[in-house]
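Once you scroll down, you'll see the structures, which are given as structure tokens.
In the two assemblies presented below, subunit A is common to both, partnered first by subunit B and then by subunit C.
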Partner chain A sequence: MVEIRKSLEDEKYIIEVIGEVDASSSIHLDTAIEEAFSEGREKIMVDLTRLTYISSAGLGVFMSYLQEIKTKNIGFVLFGPDPKVKGTFSILGLDQLVTIVDNQDQAKAFLDGISA
Partner chain B sequence: MVSSLHVIFRAYSIFMPSDKYIVRFSFFVATLAWLAMSVSDVLIGHGNELQYSRGLDHQLPEVFFVLFCFFSYVFFRYQTSSRERIQIQELLWRMFVTGLAATIIALVLFFFLETELGLKLNGNAIFKTFINHVMIGLSVLFLISAFSVSKRLVLYQKSRTLLFIWRLFEYSLFVGMIISIFSPFRMSGFQLIFAAYLMVLAILLSVNMKWVAYLDSGQKWKSILLILLTLAYLFYFIRANYFNHVSSTLSLDLAEFPPVLAAAFFVSLYLVFSLLVTLFNLPTSSVFEQKLKEAINFSRLAERISGSTPEQVYEILLESSASTVAANAAWLEIKIEDDPEPYLLKHGISEEEIEELKNNFIDGQKVELILNRHVSKSLIPIKNTIKLNHYDYRSLMVCPIIIKDRVVASLFLLKDVTDGFNKEMEDIVVTFINQATVSLENFRLMSDALDNERYREEIKIARRVQRSLLPQYELGKEYFDLASFSKAADQVGGDYYDFHQVDEHRFALIVADVSGKGTSAAFYMAQMKGIFHSLVNIGVTPVDFFDLANDALSRCLDKSTFITASYFLIDTKRRKVEYSRAGHCPTLLYQTKDKKIEFLEDQGIGLGIIRDKNLFKNYISNSTFSYEEGDVMFLYTDGIVEAHNMAKQEFGYDRLKMLVQSYAQFDVMKIQEVVIEGLYAFCDDHPPNDDFTTMVVKFK
Partner chain C sequence: MEFRHKVSCSTSRLEEVRRFVLQTLNSLQIPEETAHFLMLAVDEVCANVMIHSHGCQENDFIVLSISKKGDAVVFEIEDFNAEGFDIAGYDAPSVKQIINTGRKGGLGLKLVKEIMDGVEYESLPSRNIYRLFKSV
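This part shows the complex of A and B:
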């Protein structure tokens, strides 16, 4: 089960992912990111602080937006994953392609950094 | 006891004479009784003239008369067996025919009396008496015939009370007959009360006219005619007997038998009532016919649609509805999946006419409103009918056919008069639709069940095929021991492992995991096998293998799907292993020399994540290690480390590492068993909800 919360802070769009993202619930995460992209958000932070588990299908969701992030030059950053979740990202090698930082401040700083 | 009763019953049914014999016997006895009556009466009345003076009992003719009546009744009772269903028309016809025959015989007799011979004979008192006996016989026969027909009509729709009253009447008549033999009718108090009692019963019975309602107008006209004629005969006989009574010199007199009078009274009353009721029911017979037609249509619909295909059900529904409400034209629009144009079934109307009506005369919004009434929250009741301004059609009725809250078809009925559809018609059409819906729903459930069964079969085949994609053989036995195990969470899964001997001293091993699970993962797993087998014989390095595999998969994997894999190339000659990790869970390597176990966490990335051929190589690395005898490689998929128990704890890397380390000195089967058992024990004996695979290699 997953809960997705969306908010806006200083023109930065925050998607908070709470709970577990598995094969069946990954569709909600996909919808949320899709929505942010179609709304034309340029700075997106995904809050993984309260994400307890992410399956390969969930990782697949992030993976599927890599190309779009790159071509549209969107500021996209994940922050606050617990070590286990972070491990999942790094084993797959996804941490080499998506910026993952420890907390929200770092995420903000990262987004400000690329716009500057 | 029971069996003896049974025997008695069987004996009874064997000796019980059939109706045919009863009819013959009663006819015979009745004729004899009549003859005996006639002879005895003549002997009593004209004994002197015949020089016959034996003291015959004066009641003898009356006894014979009662016998004659009784057996005539039995004759008519069994002639129209109560077991067979006889039409009302047929009953009235029989009554009429008996009356006709009796009247003709009587008339012939009177004409004969007018002839010379007749006149001569008529002077003879004995002959005159005989003629009277014939008249009595004919009257009684006709009366009893009419009486038994009336009985059938009264009891057309029985109830316990009605049956009771009838029996009471019948038995009273019988008892009355017997009493009459011994006590001539003298208008005494008791006899008057008895006569009044019979009349009351006769009146009570005469109001039972339910059979009239079942006649259509044609049958009613015929019945009126038959009853009218029967009444005329009856009147003729009553009149004839009355004069007979006045001028009689006989000892036998019908007037002395109140039951005969009561029966005549009852029959006349009943026939008069029947005549009037039938006459007054004539104007309403069309309503009854309509109701009957509806009922017949409904039962026909119910009967025909059971076991029909949906197309047939729709056709039957259209025909039945149109004919029942007497629609001038009708059509049915059936929605077909993925097709915006509905399928049309027409009744008395062409497609062009429908098109014209829909375009120019029918308010589409109103139709939509009616069709979607079941989902709209409108508080105003929406009627099914719409007024039309068309030259042929003045009113339209629209009814949706709804299955699971979805309008699957809509029925349109047209009439050439304004407000042509009343509430009853709407109700009957809705009833038809409900019946059809049940049938359609059943058909859908049935085909769903069949589909499910077929899918189950298909998935079984898929499972078998997938099992066959995993290697079933052994190799490199002299260089290493190998154990492998794989289990899909669903029927089919996305885990893959394989091994292959590249050349004399090189062996390739692969473990792969498609993201997600189930059928889609299973297809990509099969693709991975194809890629492995097409590249493995070339003897490519692990990095090159992944480079080529990534390129191939990038072109066919779904946008959010990737595959993780570990590839090992064992060189038994140099005792070295070259390997690469494409985002897969790091392999465990146990080395005997220092009894250390570690994860081979080299840089890597899943296949299909970077779909740019030039970039992929930057994210993947090639490594090598040397092995010694007793070293163990433990390959697995994330289904193992991510398996969790009820408390949501994961099995995890540490637990796996400890287990493999503790059992590394055992053989590969034991190591594998320990890990799988440990996994199940950890998961509280629930199988992990993801595919999982293990492959254990122990070098020699």
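This part shows the complex of A and C:
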């Protein structure tokens, strides 16, 4: 089960992912990111603080947007994963392909930095 | 001692699969972090079987068995009357290929092979067995 919450703070769009993302629930994460892109959001932070599990289905969602992030020059950052979730990204080196930082302040700083 | 769990081929049951794996590994005194990644590998194989071999048909089911043999934990995922998939012989696309094509799948079996020490596939007349090994 996953719960997705969306909010806006200082022109930064926050997608909070709560619970577990697996083959059954990854569609909700996918929809949330797709909506953010179609709404033209240019600075997106994904809050993983309360994400307790992610399988390849969830990793695949993030990977499937990498090209679009690059092409459209979208600021996109994940923050706050616990060690197990971060470790899941690391197994295949995906933590090197998407920006992951420890907390929300660092995520904000990252997004502010790329617009400077 | 072997722990067995039968579950319907619906991805909504994966959460139940993960709970079973974690509880069993806990009772086998496998460290929590190791258990988490073993659970992930089992989740990936079960999801693949449910989706690709059974089209998420809720009337179909798989049987998951967990046992400890010497210093290895052995997971067996068994399904019935369906076309299997040779996870051991499968040559997964590279991460780069997956990203370039924008596809969302393909990472699962790569994770399984990274996490586990051994992966076997056995196809029998009316059932398939996916066997995963990990030294702990």
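Basically, the second predicted complex is superposed on the first by the 116 of 116 C-alpha atoms of A that agree within 3 Å, B and C clash if a C-alpha of one lies under 4 Å from a C-alpha of the other, contacts with A are read in each partner's own complex, and residues count from 1 in each chain.
Methods note: contacts are C-beta pairs under 8 Å (C-beta built on N, C-alpha and C of every residue); 3 or more make two chains touch, one makes a residue touch a chain.
Everything quoted here is computed from the prediction, not taken from an experiment.
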Look at where subunit B and subunit C land on subunit A after superposing the complexes, then choose clash or fit. clash
When the two structures are laid over each other on chain A, which of subunit B and subunit C touches more residues of subunit A? C
Of the two partner chains, subunit B (first) and subunit C (second), which one does A:8 touch, if any: first, second, both, or neither? neither
After superposition on the shared chain, which partner residues are touched by A:24: those of subunit B (first), subunit C (second), both, or neither? second
Once the structures are superposed on A, label A:109 by its partner contacts, choosing first (subunit B), second (subunit C), both or neither. neither
Should A:97 be classified as contacting the first partner (subunit B), the second (subunit C), both, or neither? both
Would you check which partner chain A:61 touches, where first means subunit B only, second means subunit C only, and both and neither mean what they say? both
Which of 256-264, 382-390, 454-462 or 472-480 hits subunit C? In subunit B, it is stretch 454-462
Counting contacts the way the document defines them, which residues of subunit A are shared by the two interfaces, the one with subunit B and the one with subunit C? 23, 30, 53, 55-57, 59-61, 63-64, 66-67, 84, 91-94, 97
The subunit A residues in contact with subunit B across the complex are 23, 30, 52-53, 55-57, 59-61, 63-64, 66-67, 84, 91-94, 96-97
Can you check the complex and tell me which residues of subunit B touch subunit A? 513, 515-518, 559-562, 564, 582-586, 601, 603-606, 609-611, 619, 638, 642, 644, 648, 650, 690
Of all residues in subunit C, which touch subunit A in the complex? 11-12, 14-15, 18, 33, 36-37, 40, 43-44, 47, 50-51, 95, 98-100, 102-108, 110-111, 114-115
Spell out the part of subunit A that touches subunit C in their complex, as residue ranges. 1, 20, 22-24, 26, 30, 53, 55-57, 59-61, 63-64, 66-67, 83-84, 87-88, 91-94, 97
